[in-house]
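Down below is the structure, laid out as structure tokens.
The chains carry the letters A, B, C, D and E, assigned in the order they are written, with residues numbered from 1 in each.
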Amino acid sequence: MLQIDGLGHAYAGHPVLRDVDLTVRRGELVSIVGPSGCGKSTLLRCVAGLTAPARGTIRIDGRPVAGVPGGLAVVFQEYGRSLLPWLTVRDNVALPLRRRGGTRAQRRAAAASALDAVGLAAVAARRPWQLSGGMQQRVAIARALAFRPSLLLMDEPFGSVDAQTREDLEDLLLTVRGPEMTILFVTHDIDESVYVGDRVVVLNGSPAGVVADLPVTLPTRGEQIATREQAEFVRLRAEVGRQVRKA
Amino acid sequence: MSVASAASRPALAAGRLAAVVARRWAVAVALVAAWEIVTRRRGDVFFPPPSAIVARMHELWFSGPATRLWLTPAATADLLPSLGRMAAGLAGALLAGVTLGVALGRSPRTLAYLDPLLQFGRSVPPPTLVPVFVVLLHLGTTMQVTSIVSGAVWPILLNAADGARSVDPVQTDTARVFGLSATDRLRTIILPSALPKIFAGLRLSLSLALILMVFSEMLPGTANGIGFQLIDAQSRSDLPTTWAAVALLGILGYLLNTLLLGVERRALRGHDATRGGERP
Amino acid sequence: DSGTSTGSDSGLEKDTVVVAALPLLDVAALHIAMARRMFQAEGLTVKVQPVAQSLAALPALQNGQVDVIAGANYVTFLQAHAQGTLKLKIIADGAAQAPRFMRLLVAPDSPIRTPADLAGRTVAVNILNNIQSLTLNEILTAEGVDPSTVKYRAVPFPLMDKALAGGDVDAVHTGEPFGTVIERRLKARMVVDGGGPPVTGLPVSGYVSSAEFVTKYPRTAAAFQRAIEKAQALAAADRSAVERVLPSYAKVDEQTATALTLPGYPAAPDAARMRRLIGLMVKQGLLKADIDPAGLIFTPAAR
Amino acid sequence: MTGTGRIVRGATGIAAVVALSELLAVTGVVPPGFLPPASAVLARAAHLVVDPAFLAQIAATVRAWLTGLAVAVAVGVPAGLLIGGVPAAGAAVRPVLEFLRPIPSVALIPLVSLLLGAGRTTEVTLVAFAATWPVLFNTVYGVQDQDPVPRETLRVFGFGRATVLWLVALPAAAPFIATGVRLAAAVGLILAVGTEILAGFGDGLGVFIAQAQQVVDGTVDVLAGTVCAGVLGLVANAVLAGAERRLFHWHPSQRPLSPRPAAATARAVRR
Amino acid sequence: MLQIDGLGHAYAGHPVLRDVDLTVRRGELVSIVGPSGCGKSTLLRCVAGLTAPARGTIRIDGRPVAGVPGGLAVVFQEYGRSLLPWLTVRDNVALPLRRRGGTRAQRRAAAASALDAVGLAAVAARRPWQLSGGMQQRVAIARALAFRPSLLLMDEPFGSVDAQTREDLEDLLLTVRGPEMTILFVTHDIDESVYVGDRVVVLNGSPAGVVADLPVTLPTRGEQIATREQAEFVRLRAEVGRQVRKA
């Protein structure tokens, strides 16, 4: 579904990414990890068509990306700033649904159920700036999920929520994903990358490239404690950790 | 970022420059051409064609000797005093507008006391204040500069107040937490974040100052300046000169504004470059 | 809309005339004619549109929003005519220079005592390069003073007292009723009689219209002319007739009205006097070339 | 600050200035007889505003002013969005705008009256001409000086440029546009009255002032008219500022500077 | 050093905190955990004097807090917005040091060494918006540390950095803390709260109060893997987890 070939990018002369190759099949959930500042957000920006890469090509369903591809949703790392302060939480979530058509009532219903899924049904009528950091982040997640995108890019989406909520959201993500939703999931939490991902891609180096691409083959899935106790899980997280750490 | 081979680079650059110039000026040139054609057809004395206006401008102001930059004595006698008054007025407006605006933006209490007075003041048409000016000030430069300041200060003041009020709360909290002194807070947080808005106000004030310069040269006691020329030509029904003065004001405004844009670009260089128009 | 209903019974092309009028002594005849129903006698209805400067009414005249400008400053309108912005037609004379109608005043303690003392001094006039400097220059020349040594400054009549008292100008060249008021208030002293010889009788302002108007509505214009000329004669003959209308439109109180000096109210426009004005304008560079005044004065075809 | 508190403070400020100017007249700092004292001007203004003939003049001015302002907003906001949001469009029309903008409306009065006749249309045109610039430029700056993240968010969801402009750029710039409208309101009023003064023809507050300027001792009337103009501006600003407070309560500038708990919240906690 | 008594707060009628009592000794490092939106940031804002609490008192060294206390530094949860975009990274870090006096050169040197400590020496001359999210967060941390505050409030300071950097920063915090620096440390990571804290305070409930205040008594400290393997550590983190989860 997504095919990245020889992608390179530089900001004002500082090279950030070099020769990134990555192929993602439809419905796959790929975790991306790497040290802070290595270029993960940049990679997502390129895929989203927000930044034109200096070199290399990105294809979605075989067509080169020029501009923002359709059916895309992004949870930005700057989640707080990506919410519109003049809209209520509910309207923020319902906003992208205009693209999907449907009546106003349908959109509101979809927004309400997405907010319910992230545990924020109670604050639907408030404004984003009246929420705590973690709540804002969950609003951004709800917005992306309500949209039912075919390609979902998430940049450190669970960084501001507490451990319990984080586990709930991880499980929520595993529930909502389906054969039609392809997901790139940037995270700093190595456990998390293994827990949610079908594959874990490690970016590293300066400029960064793909230093590891590890398939996750866990016998059990979706039950937090049990999953994390599996030997395969422990092996994978150690391996990912090693790849992230090597300078 | 496209990679061009070294050989084709200058050609490319020249082409790009030409394209930029064409894009910038195409609309303007088309409009002037249309104006020329229509006015020539109509032959109305009130609306001379642009070519006639340019000829008149040349004759009035730019047919002097090369040693004086081609300026005629009339040009130096009218342009320089006008520009001087305008510069003084704008500088006064900037100083007063930023000081008062920032103070009002940061202090709701002061604002509450002064707001009605300021709102009243900025709605007062300057021509009606002439009797007051004449009594309180001396004819001539003082009165003229005062009238420019009192009219041009408002956009700067209002925009500065607006900018100072809408500083990101996280930034003000940061300043409070680290106990930044009032001057540091002003210098490093409030002014920089209000700066784009202050510039928006300044650009409005610039053109207002130009208009007010004309107005100030209609005040009692004036005997020189572009505005005076304009009014005098109007009273003599000398339309080519009237138009020439109007065009000169437009050109002056354009030049001053371009200058200001340059200053603005430098001043806002450090600001978030991701802002300012769409990204490619 | 200037009233286009046809006055067939009176033989006029239209019976409503819209007049833009200044609040000056010059237009006393207009108000006398209205007060004494002289327009009605000619079958005319006159609507007055107040205007602050005669030139400001020019676009309205051009667009047919007004038909006549009352108190139109001749210098200004002759210049407009020469530049081609208006095909001027003078329907009736308004005011002419008369002794003390304009006067040059100085503060009581001023060192300026004679016209010769004006050399190098600043003198306030209502508008620069207009009737006031024109006539004062002529008087100074006659007195043997070089007018180019006088620095003129534009100060509107009503502000002249403030400018003089504040010391911003050395002398003010006033017109009535301001001259009388300033003399009284500041104890100002007259140095030059601006209406004295050699400019006495020089036309100052009049009732003007455009060639289009008089061509289209010759009989209406003629009726208007007859009424004004009657009123002019009355104004010239009976000062009290003028004094009675002044408070209503010029905001002059009755006491001032009796004290002030009136201009001349000539019965009809006169080509010879007009030629003198044009001659002076050409001489002082206010006109580039001579104009023949005969063509400017509206003379109705004999009935 | 409560609405009443604002009004009381504002009134205090005005009273202080009136008292000061009265004092200047009494102490003779300003030579007597030349400038009427504030009390005389206010008394005259109070007398005028109950005079139906004068009110009709005011009404004429207000009509022209509001019409011109409406035109300015209708032209300035979309044009500003276009110039600020679509760089190519901005580059093409900028030179023309930058040339037109500084042309003094004062100089345009006779020319516009020749084209459109001396009267309402001319006045409205000039008001609109002058009032468009603040709206336009504040819109442009408002669009350009905003956080790109919200705009990118919508682009990512597949909204077109126009929609993003409408859904994000416009609301985000709205508070600043509102400031532009407030500036334009004052400029427009000045132009409405100023056109009337300089054209001195027809009816309106400016014509009243221009007439008063021509006569002996007209200064009281001139200043009384000026007070009326100022009060009109004051009222317009109060209305606009009130609307801003309602519409933009989400904007940092409308939130209190340092959050203090309101009495109501304290009570809620106790419960 | 810090004494909080009966603190309560509400935003526009929504009660957030109720009857919070907390006493912190000089030099102590207290971790604060709790579910997302429970009021942790609000508590820090009250201590910082940025929000006046609706009820209760906060005393620092016996004096009630009115306004922002001296010698305070805060790392805000909205780290990105707390950096000034028009200053370079170095100047951002050096900014609060003016209060400390010293020459410009001294301030710059202090800023440089703080940036070095968080691994950002290389980007000192760039602007904050040229940095990745995690880098911006580290700049905010460097700024607080360079200030050498007597009271340091950190709101989820390591939320946006990768696992390796996070561990490094945790250890950095343990290094720089001293008997004169009192620290309140809000985090979502339960392991982290136990690893860095002398005590872990759990906020929970709605409105929230202190539901647990657990002293951390670990034999070894400051070596990541060894520390986390201790039985006491495992016991504590389980206990904290239980307290956070109970609704």
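Throughout what follows, contacts are C-beta pairs under 8 Å (C-beta built on N, C-alpha and C of every residue); 3 or more make two chains touch, one makes a residue touch a chain.
Everything numeric here is computed off the predicted structure, so don't read it as measured data.
Number of steps on the shortest path from subunit C to subunit D, with steps defined by chain touch: 1.
Counted by C-beta pairs in contact, the busier of B-C and A-D is B-C. Work out the mean CA point of subunit D and of subunit E, and you get 47 Å between them. Taking each chain's centre as the average of its CA atoms, subunit B and subunit D sit 19 Å apart. Looking at subunit A, one finds that residues 50, 78, 81 touch two or more other chains. Residues of subunit C in contact with two or more other chains: 55, 156, 158, 162. Within subunit D, contacts with two or more other chains are made by residues 31, 34, 110, 114, 147, 197-198, 213, 219, 251. Interface residues of subunit B, counted against subunit C in their complex, comprise 45-46, 130-131, 134-135, 138-140, 220-223, 232, 234-239.
Those residues of subunit A lying in contact with subunit D across their complex are 48, 50, 68, 70-74, 76, 78, 81-86, 95-96, 98-99, 127, 129, 147. Interface residues of subunit C facing subunit B in the complex, by the touch rule stated above, are 55, 76, 79-80, 82-86, 124, 127-130, 151-156, 158-159, 162-163, 166, 168-169, 286. By the touch criterion given at the top, residues 31, 33-34, 110, 113-114, 117-119, 197-202, 207, 210-211, 213-219 of subunit D touch subunit C in their complex. Residue ranges of subunit A in contact with subunit E, taken from their complex: 11-12, 33-41, 77-78, 80-81, 130-135, 138, 155-156, 159-166, 188-190, 241, 244-245.
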